[in-house]
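Look at the two complexes coming up: chain A is in both, with chain B in one and chain C in the other.
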Partner chain A sequence: MAATLRDVTTYDLKLAAPLAAGFVLFFVTPLAILLALSFQTDPQGGHYGLTQYVNFLGDRFSLGVLGSTLWLGVKVTALTLLLGYPVAWLHQRSPGWARGLIMLLVLLPLLTSVVVRTFAWVVILGRQGIVNATLAWLGLIDTPLKLLYTDGGVVVALAQVQMPLMVLPIVTALGRIDPNFADASSVLGAGHWRTFRKVILPLSLPGIVAGCLLTYAAAITAFITQSLIGGGQMLFMPMYIYQQASTLQNWPFAAAISIVFLVSVLVVVSIFNALGRLSRGYANA
Partner chain B sequence: MSNTNPGTNPGRRIDLDALSFRIVMTAIALAALVLLVAPTVVVIWVSFTSGYSLKFPPPGYSLRWYAELWNAWQLQFAMMNSLKVAAWATGLSILLGVAASLGIARSPTLTAKVLDSLFLSPLVLPALAFGLSSLMFFSMVGVPVSPLTLVIGHTVVSVPFVVRNTVASLAQMNPSLLEASSSLGAGRWYGFRRITLPLIRPGVMAGGFIAFMASFDNVPVSLFLRDAATDMLPIRMWQDLEGRLDVTVAALSGILIVLTIALMLVMERVAGLSKRLT
Partner chain C sequence: MVNASPNGPASPRGQTLLLDGITQRYGASLAVDGVTLDIRGGELVALLGPSGCGKTTLLRIIAGFLAQTKGHVMVGGQSIDGLPPNRRSVGIVFQNYALFPHMTVAENVAYGLDARGADRATQRSEAQRMLDLVKLGHLGDRAPRQLSGGQQQRVALARALAVNPSILLLDEPFAALDKNLRLDMQIEVKRIQRLSGITTILVTHDQEEALSMADRVAVLSQGRLEQFSPPTEIYDAPDSLFVNTFVGSANLLGGVLLDCDRSAGRVRLDAGGLIETRAPKGDLRPGARVTVCLRPEHLSVAPAAGDGDTLNGVVEMGLPLGATVVHEIRVGDGTAVKVSEPRIQRADLLAPGTPVRLAPVAPRLASVFAAA
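What follows is the complex of A and B.
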């Protein structure tokens, strides 16, 4: 009887079979084909080898694209953390109605179409855009500044687009901190800055790491924002893959770039996951 | 959380310290919130322009670009395609994702853990690489791209949202409820319908909503898996924007923003959306 009682709380693992089969066929197999194709020496097929990877790694231009993509992720993540953490902090200490409002403002960009959000940045940063119009009105500039198609423009737009991914995990982490810790710290004489640095910040590390992971992964793969705000002069990995695959029809090279990019993303994810484990140990210690 | 500690406050130094801390944090937070909202406000604002360009501030205000949407058949066509694909992908995601979640959520086996990571992995992998690999796969097996391949690709990238939210709901469910119903003579199907399903419904709905938005908004997978006849809305808008800054797109964006906010508020009511995302 006890066995049958325990049995009713779990469902048969077979229920996962249809989705598992679908994933093997339409997710794992395509990725395996991608990997296989990346070893083809020329688009017509036939020979296999490391030619495509040698081409990528030996090409200053390709390495530059990879480097600037990974570096773009670092800049966006840093800016998002700097801006997002105080938002989570404000949410945590606000009264109920303000919490709801902050949450709505944070969630809105997450659920608004990426094209719409990016389009807004084109309007804001453009030659006749809001920033240039304001600066000209204030008499600070005579000719419009070039903001669109610049590195700074891409970073700010991506930071706005990805900010919810940073704020939400930090909100969760801050909510888990026992308020008595902060009180104890200030009773013992630590000021607000010191309490923040020594108590709140370390305890919220798991949320920070989770937020950084999501933001970084989203920022380096954000195809639309990168290409619309960056314009033609700035090339990042997703667009590079698309150009090689679609415009140039060089599938083996596109596959090799994709694999390099996938591996880079996985390495970054693993680093963040390891940091996450460390930080959870630290936060629980 | 109490922020002032009367009685333990030794003097001016702490006040300055507290004040500077709060001012700095609040100022950055407010600046960040403005940054978060600015694009939405700007799009809605310029969509009411009476001019032909997205000049800011608009020379005058009118509803002409919203009226223009009635004739924008390309955008309407693309929107219908996107809605159809998103509806199919969401339906499949819920059907397959909920079943899979039931199977893996309470199972302690390694298989279940591996499957859980597998089902969530499209969230971190670059979608563009997946889109390209799918195209290679379909061309290799000789299946031409069509609305069907689109739905399959979209389902793969949407299903993680359903799985994540459903597994979380199942983990929070108290299993003794099922034991109780079973000991009172309820069958498994009855127990599922009357206990499990009502308890996980908000999680499934929130997951389904996010899956729908993810599919509706997807560009990287659609770029590779659509056929020439199937224009998708985000791609159409993106290409319109690359060419020229079209005010009709601003009007359409305004409509999409209002619809999104309305849906968000409904989902917050019926499924506690914000709690599920944190």
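What follows is the complex of A and C.
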């Protein structure tokens, strides 16, 4: 019996070995190199120390970029949740054929390339874009609004691109809720809104947390969309790192801000995770 | 409430419930077909029928989850057809209890009071009172998943009753419980129902449960009401072949109706012998082909007599079943007939192959229906 058990364990470990090797080779090792690099005081090598971190943390501009990136993630996540939850809810309440259609529409962004999607937004938001043209045609504006290269534009474009990451987990969570709960609630005297607030929303919390986590992580690292919609005036962490490494060849500083970015994201993610555990505590019965 | 005896007559305090010609169509299929039930206040009625006969559909119509295609639901003489579920004053216990997993037991019970705008203190004291009623007063702070099946069911009952509904609906409430617990809960539910005097509908496909708990049983088949009578009448005087075979067990024997009046009939059985039966149901003339239903306990086994005009057969096997003995007898036309007798009257099993004669234990026990 014990022997069998040990066999199974070694077998399992062997199965995981290729993945583990890949993980060490392509993730842990580069990360270690990155970490080592971030302690170099000078791009030309030389001493090790905390210079790069001191530089970053003492620099208002750098901190501003970090702050606006993390804040961008919050805004995108909030907008995605606001728009995505009703879609997931609609999906849940629809008959079979409509479900398929909604799911297709939700998944569509995943089926097109990021570059294409982002350029579509350039076309929509540009000075001669669809939005401005429509508003002008309706006589609501005389001069085109500036939509592209604005914070709002980036948030909207990112929200659209990340929508599936929010909708899918919420659809799953809503699907797990016993339909009798809503019936029980209404028969006990609750209207639709109370049923939603007191029963459906709390029970879908695990899905919300998962969706927010995915959306947030994807939004703050979305290099292409951030750069194309944000344009030159707006700088977010991924582009900042790219500039330092590629344009300025300041690899140690790029490494240091990568590490700072990584740690900041990990902090945010663990906050989400803690929330997730809290909500799972009572939603899984 | 205090004076009501658990076994007393239905309390007059409950509201009457009238289902008037309820029909429910799903696309082309009829799930419920013109069901009319006139239920007295405080009565416990069981909806009994095989799977898919429309029991849950009827319950969902009464609760307001489903708008019937035709017919009316009246509570206390007033139509509730236009009311949404949250304004119907109906309590329901779901088969899977549907306790809110993210709330404590006490919060579950207080949920309806909260929805009706009761203040915190009232909610707490009422929830406690209801939990005491179902003997779970000490478990208010638990999460539902920390309770056993029977306890969860009591909580569901307390939650449904806390808002003081006019009608209580129970959808197969005991199906998920094991046998001993089921009996306890059946007694418990009956006790609470009598105590509160609430008009109750119990959906079940368990005939024993229906017969033991209900004041009247409504037997449904394929969306139609077959019979609506007190349990003993359902068992002793079934209105249709379906009711006769669905409730209890029955031996079906073919025959020809010789003569009949309002109180009795006489049938010549294909397997041999004449039998005196209850008055035939429906419009049957002498000479008609009929099916005779004999319950196993309606017959007794006697030694074979040589002469002709009796129901004769051969023992196939005998089974001692505790208080009773059951013999399976192969009769003249090849039908296997079950006979159940008290074991104190028949100490020894009959050996297979023994020729025997079957006789009714009393006249006019058998029911007669037109041959299927």
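One rule holds for everything that comes next: the second predicted complex is superposed on the first by the 271 of 285 C-alpha atoms of A that agree within 3 Å, B and C clash if a C-alpha of one lies under 4 Å from a C-alpha of the other, contacts with A are read in each partner's own complex, and residues count from 1 in each chain.
Everything that follows uses one rule, which is that a contact is a pair of C-beta atoms (placed from the backbone, for glycine too) under 8 Å apart; a residue touches a chain by one contact, two chains touch by 3 or more.
Just so it is clear, the model here is predicted, and its values are computed rather than measured.
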Q: Determine, under the contact definition given at the top, whether A:V114 touches first (chain B), second (chain C), both, or neither.
A: first
Q. Is A:L57 in contact with chain B, with chain C, with both, or with neither (first, second, both, neither)?
A. neither
Q) Just chain B (first), just chain C (second), both, or neither: which does A:V263 touch? A) neither
Q: Of the two partners chain B and chain C, indicate the one touching more residues belonging to chain A.
A: B
Q) Between chain B (first) and chain C (second), which, if any, makes contact with A:L278: first, second, both or neither? A) neither
Q: Look at A:L34 in the shared chain and tell me whether it touches chain B only, chain C only, both, or neither; answer first, second, both or neither.
A: first
Q: Name the contact category of A:L201: first (chain B only), second (chain C only), both, or neither.
A: neither
Q. Which partner does A:V187 contact after superposing on A: first (chain B), second (chain C), both, neither?
A. both
Q.
Per the definitions at the top, what is the overlap between the chain A residues touching chain B and those touching chain C?
A. 183, 186-187, 189, 191
(Q) Applying the document's contact rule, which stretches of chain A touch chain B when the two form their complex? (A) 4-6, 8-20, 22-23, 26-31, 33-34, 37, 82-84, 86-87, 89-90, 92-93, 100, 102-124, 126, 128-130, 133, 156, 159-160, 163, 168-169, 171-172, 175, 179, 182-183, 186-187, 189, 191-193, 196, 217, 220-221, 223-224, 227-228, 237-238, 241-242, 245-246, 251, 254-255, 258-259, 261-262, 265-266, 269
Q.
Which residues of chain B touch chain A once you look at their complex with the stated criterion?
A. 1-3, 5, 8, 10, 13-14, 17-18, 20-22, 25-26, 28-33, 35-40, 42-43, 46, 53-57, 96-97, 99-100, 102-107, 109, 111-112, 115, 118-119, 121-122, 124-130, 132-137, 140, 152-153, 155-156, 159, 163, 175-176, 178-179, 181-183, 188, 191, 210, 213, 216-217, 219-220, 223-224, 234, 237-238, 241-242, 245, 249-250, 253, 256-257, 260-261, 263-264, 268, 273-274, 277-278
Q: Using the touch definition up top, name the residues of chain C that touch chain A in the complex.
A: 63-65, 84-88, 90-92, 94, 96, 98, 100-102, 111-112, 115-116, 143-145, 159-160, 163
Q: Can you check the complex and tell me which residues of chain A touch chain C?
A: 178, 180-181, 183-191, 194, 198-199, 202-203, 282-285
